[in-house]
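The structures come next, written out as structure tokens.
Next come two complexes built around subunit A: one with subunit B, the other with subunit C.
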Partner chain A sequence: MTSITSESTVSPRVGSPVLEVDRLVKDYPIRAGLLRREVGRVSAVADISFSVHKGKTLSLVGESGCGKTTTGRCILRLIEPTSGEVRFAGTDVMKASGKELRALRRSMQIVYQDPYASLNPRLTVGSILADPLKVHGRWHDGGSERICRLLERVGLDPKHVNRYPHEFSGGQRQRIGIARALTLDPDLIVLDEPVSALDVSIRAGVVNLLEELQVELDLAYVFIAHDLGVVRHVSDEVAVMYLGKIVEIGPSDAVYDHASHPYTQALLSAVPVPDPKVERERRRILLEGDVPSPVDPPSGCRFRTRCWKAQQICAEEEPALIDRGQGHPVACHFADEALPVS
Partner chain B sequence: MSDAPLLEVDDLRVEFTTDDGIVTAVDGISFTVEDHEVLGVVGESGSGKTVTALAILGLLPKKTTVTGSAKWRGRELIGLGDKELQPLRGEEIAIVFQDALASFNPVFTIGSQIGEAIEVHHEIASKDRDERVVELLDLVGIPNPRQRADQYPHEFSGGMRQRAMIAMALANDPALLIADEPTTALDVTLQAQVLEVLERIQARTRSSIMLITHDLGVVAGIADRIAVMYAGRHIETGPVDQIFYEPRHPYTLGLLASLPRLDRKTHGQKLYRITGQPPSLIERPPGCTFHPRCEFARLPEPCATVVPALEEVDPSHRAACHFSEGLVGLTPERLREGQRA
Partner chain C sequence: MTPLEPRGPVIAEGSPLGSLVTLPGAGGEVSETVTVHRSQWELFRRRFMRHRMALISIGVLVLLFVLCFGADIFAPYEATRTGVPQDLLLGPVGPSGAHWFGTDELGRDVLSRILYAGQISLKIGLAVALLSTLVGTVVGAVAGYMGRAVDQGLMRLTDLFLIVPQIAILAIALRVFGYKDITVILVLAGVFWMYEARVVRGQILSLKEKEFIEAARASGASSTRIVVKHLLPNVIGPIMVNATLSVALAIITESTLSFLGFGVQPPKTSWGNMLSNAAGYVGTPRAYLLYFPGLAILLTVLAVNYLGDGLRDAFDPQSSH
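Showing the complex of A and B:
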């Protein structure tokens, strides 16, 4: 195991990315009739690309149904993508099998949103953490000692190793979920809404823990969340998704301070800030209507049906995700920096 | 009409008997809601926010022990039966719950359910009733209200359902609207729509709103006054600006300090963290319930022995802390820097 230290400075690393997602697509067929013939397709993730470097966090943000969770699961191949490539440290995750796939599975882990549903209630904490070690043949190599160290590291008492999940609070369970993800020394963790289910006063502790672990173990995170305050705090890079597409991507400060896609602007303007004076001054951009169905997404730009800037071209031509002078890629024909966040 | 506040709650206490012991969900709270004001009630799950609202409306299970007083325009509500409370519910005090899908009956149209809410309290011609339904749906910003009234709950999206719920609550122009986590189940752009609706109707109908939420951001823009709840007690109450900028209870201060904000660059810094976790409501810590988590506590005396009273620290600003004097001048920012150092 990488040594555990309490160092808290971030050391930026340059080099080739640990994770590369290239033109990822996931469709689900809709079947109907006696012969279960395919009558349509739900486009959950539609051609997205991004990369994550060692020790860095990329966040996927967007509202329910935008494809962020599907993307996270495709990266781990928990869901088989329809097309596209995922490369982990240069290895093609989609083509891997046998030994290679087992090695990949060790290196890429996931922490789920619901700490109540993601831990087996019939297993003690000890066996929850031992299972990955046994499956991957590492148990005899000081397994139980390792479990104690992990529990300690995530802020739990190693003496509680024989307790069951229901004996822990939500925040503690999420720490168990994090310890489980760390058992096999991963390089990348997909964090799917890791703090959304937790009480406000508990969240900060879990966020701090995730950040400390990232620095100590040089972990790459794909952070999936809808709380845009937490996302800004943890992210190096942010990708904003709408209806299966990335509409804006870039360094966190660039996306937050120079939001240039109308959807990003609306999303950021909608988040209430815990500051009465700021709130009274702010102008919210209210979007009309609802997110269209992913069964039949709008032609051209998928956001155009709710966009106040939409013109003829938006229905005809899909805007490419490129830098149009904003300093980071934006998928809008009329990308324009507008009102800063606060 | 008397000078009595719209709603005056005094030493309200709610206890549930469970197999594990007595759960004190609300532990002697006192507050008022004035005419035309928006009161934000903030607290974490289990702090007693929802139970307070249900107790006022007499909606708790019969076995529950409710003591204390809740006066509506001077009239005592605690102890009244369903028969006496029914004319009040929906007519004078209306409530909107978090989960709008569970709150509508799936086999009736939205319009007929809103119409029913009117008919329960008023004799009204069906034509006028239908007009009123359309007007209400329009008020909460539902497009094509006439067609929409004939649709079923499943044909509405989540955000629209919640707005329809608000329309139903407003059907009889209640003097007080209790909104219990009305936006928690919604995505942020839909939350913005619903908050905008609440602001708009408040400006238009001048009804009072009691907005219950765990999200300090949600109440920041809309509330006039805030009550912060912790483990069944009001630990701080006051005008919104004083609560946010000059909090005088360590819990309020800690909560504000721990929130990462989207308008602040804090990447790479540690967040302020309140240690420990909310207490069990069966075995409550003695004295101040927050003392095991409080970095300002003096132990054992007085914090672990004496329950601090909710006392005035500034005109109309109250805090339940033995050392609230010592928090003067301490902002969330300074607290954050202090923990980091």
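Showing the complex of A and C:
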């Protein structure tokens, strides 16, 4: 399939990224009336850019409705974006024809959040895993052998190929979902909250499996999550999203240790600390109000309606996502590591 | 968690999953870990074979078919060009040794008539159910999956067929094309498919938003493959229920046609026809004329019903059977 990767595991990974997202926008029109006239637009993803390198993980974090999942779907073109570019290994995904897209989908896969909705209840595990191989004409090339190996690799008993999804637990189903994503030797996997629906006790197992697979197969991950603890554990880079925009992006340690956007700071302060003593004494930033409607996002900075630093300029001018001396890009006019005094 | 078999180095070599596929030189080691991957069809058949009533029903249907279509051999009184022989002097008498199901007003053997009538009723009932289910499923699946303009177009067409008076269409079609079994089948299927189409469309509409369908799309599956392999097996329950109902409905509707003078004409007859002819005998000593054709219809519909149940359960791996 791909070239031997031994050299790249030794040398630091440089060169062109495997995935580049450039000024991606996704609006949903709101139609009303008899003529289905467009009366407004929901801005789900508003002009975001990032890139992911081979073997690396970029995490998208943010609260519900901030556009993380939409971004993931747009990358695979399961949702047609409004504008922007997605390049996979140099190929423009948005311009790919039907045939090219099918070929591209061999290399880009997705793992879903809900392990119950993402597996066809009428197909056996074997058939679920065989389907991608059959679609791409690779079934007769040792397909059934491969399925057994895959099941084994994700920690399931290959004897269970003839079982149905309902005969497995949530964690096992998620492993089946991961195996399905691996059947076609992808280079990139979009992990859409892969452990959010799982019991805390089995999350670690699935996360570890994902990390092992990443190293073995040199996979690039786009990891979508809202569990900041897990995110720090798995990410090389983190992008924090708010209302369809990236507000802060950078290497995982930089974003966690030097959070400079008020929203990132608020998010991080909400993560519980296991030590009860620390937990009792630490300061939390409580945001007021709700996330504004994406139909009519605030002018200027989208976070200003809930921000304790908001000034006149925040309403007038949208802060660019640039490095303001923090070492990584932040979209805030008043980016500052210092936490508010409360 | 079963650890990866002791071939760690193979993966460390770096060739992505390919290594998981590559067989080592010694084939023996592999064959131990490989279990037989059964096809969907095989599992389907296994589940069906466990459904006893469905198997009995197949037997009953086969028996009915053999008896009816072999009526020339099995009927106690073989039909001639003018139908089952009459015995006007005998008239209607109840069941006896010579006439198991009795005789009708013209002294004809009811059992023989039921066997000959079954040729028409079975053919029409099953063919109409099959054809209308097929058309309805295709229309419903295409409308539901494609959505937008295609959906609108197909559903308005369905509505159109639903509001036009069916008996009128049937009568006109038979007037124009003349009575033939095939005409009746086509016309009845033409007025039955809409119910199936609406049920299937509704189911597909909700199912296609499920993540496993998106996953199939993400793996590069074509629309046809998604509909046939991933969507329809999940809709088989409602499809079967509807198909079963339309068998009975077709047999009965055919008799309405005959009653109006557009259907089967004497001396030929059908079960529905015999039933409606005997309708006036309710509560009289001749009610047996009503029972036997009714029983024949009941038996057929029940058998088809259980057969449908069996098929539905065989498609559903979560069924208790």
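For the reader, a short list of remarks on this structure follows.
As a working rule, the second predicted complex is superposed on the first by the 325 of 342 C-alpha atoms of A that agree within 3 Å, B and C clash if a C-alpha of one lies under 4 Å from a C-alpha of the other, contacts with A are read in each partner's own complex, and residues count from 1 in each chain.
Just so it is clear, a residue touches a chain if its C-beta (ideal position, glycine included) is under 8 Å from a C-beta of that chain, and two chains touch if they have at least 3 such contacts.
A quick note: this is a predicted structure, and the numbers were derived from the prediction, not measured.
Superposition of the two structures on subunit A shows subunit C fitting alongside subunit B with no clash. In the superposition on chain A, contact of A:78 is made with subunit C only, not with subunit B. In the superposition on chain A, contact of A:49 is made with neither subunit B nor subunit C. Contacts of A:63 after superposition on the shared chain: subunit B is touched, whereas subunit C is not.
Once chain A of one complex is fitted onto chain A of the other, the partner contacts of A:196 are absent, as it touches neither subunit B nor subunit C. Once the two complexes are overlaid on the shared chain, A:146 sits against subunit C while remaining clear of subunit B.
In the superposition on chain A, contact of A:276 is made with subunit B only, not with subunit C. Applying the stated contact rule after C-alpha superposition, one finds that A:157 touches subunit C and leaves subunit B untouched. When both complexes are overlaid on chain A, the residue A:218 reaches subunit C alone and has no touch with subunit B. Once the two complexes are laid over each other on the shared chain, residue contacts for A:106 go to subunit C alone; subunit B is not touched.
Between subunit B and subunit C in the chain A overlay, the least Cα distance found is 7 Å.
Comparing the two complexes, residues 205 of subunit A contact subunit B in one case and subunit C in the other. Against subunit C, in their complex, subunit A makes its touches with residues 1-2, 4-6, 9, 73, 76, 78, 101-103, 105-106, 108-110, 112, 114, 117-124, 126-127, 130-132, 135-136, 141-142, 144-150, 152-153, 155-159, 161-162, 164, 166, 177, 180, 182-185, 205, 216-218. In the complex of the two chains, the subunit A residues touching subunit B come out as 8, 10, 63-64, 169, 171-172, 199-205, 207-208, 211, 226, 228-236, 252-253, 256, 266-280, 282, 284, 286-287, 289-290, 341-342.
By the touch rule above, subunit C contacts subunit A in their complex via residues 1-2, 4-5, 11-18, 20-21, 23, 30, 33-38, 40, 43, 210-212, 214-222, 225, 229-230, 233-234, 315-318.
On the subunit B side of its complex with subunit A, the touching residues are 44-45, 143, 157, 159-160, 187-193, 195-196, 214-218, 220-221, 240-241, 244-245, 251, 254-256, 258-268, 270-275, 277-278, 293.
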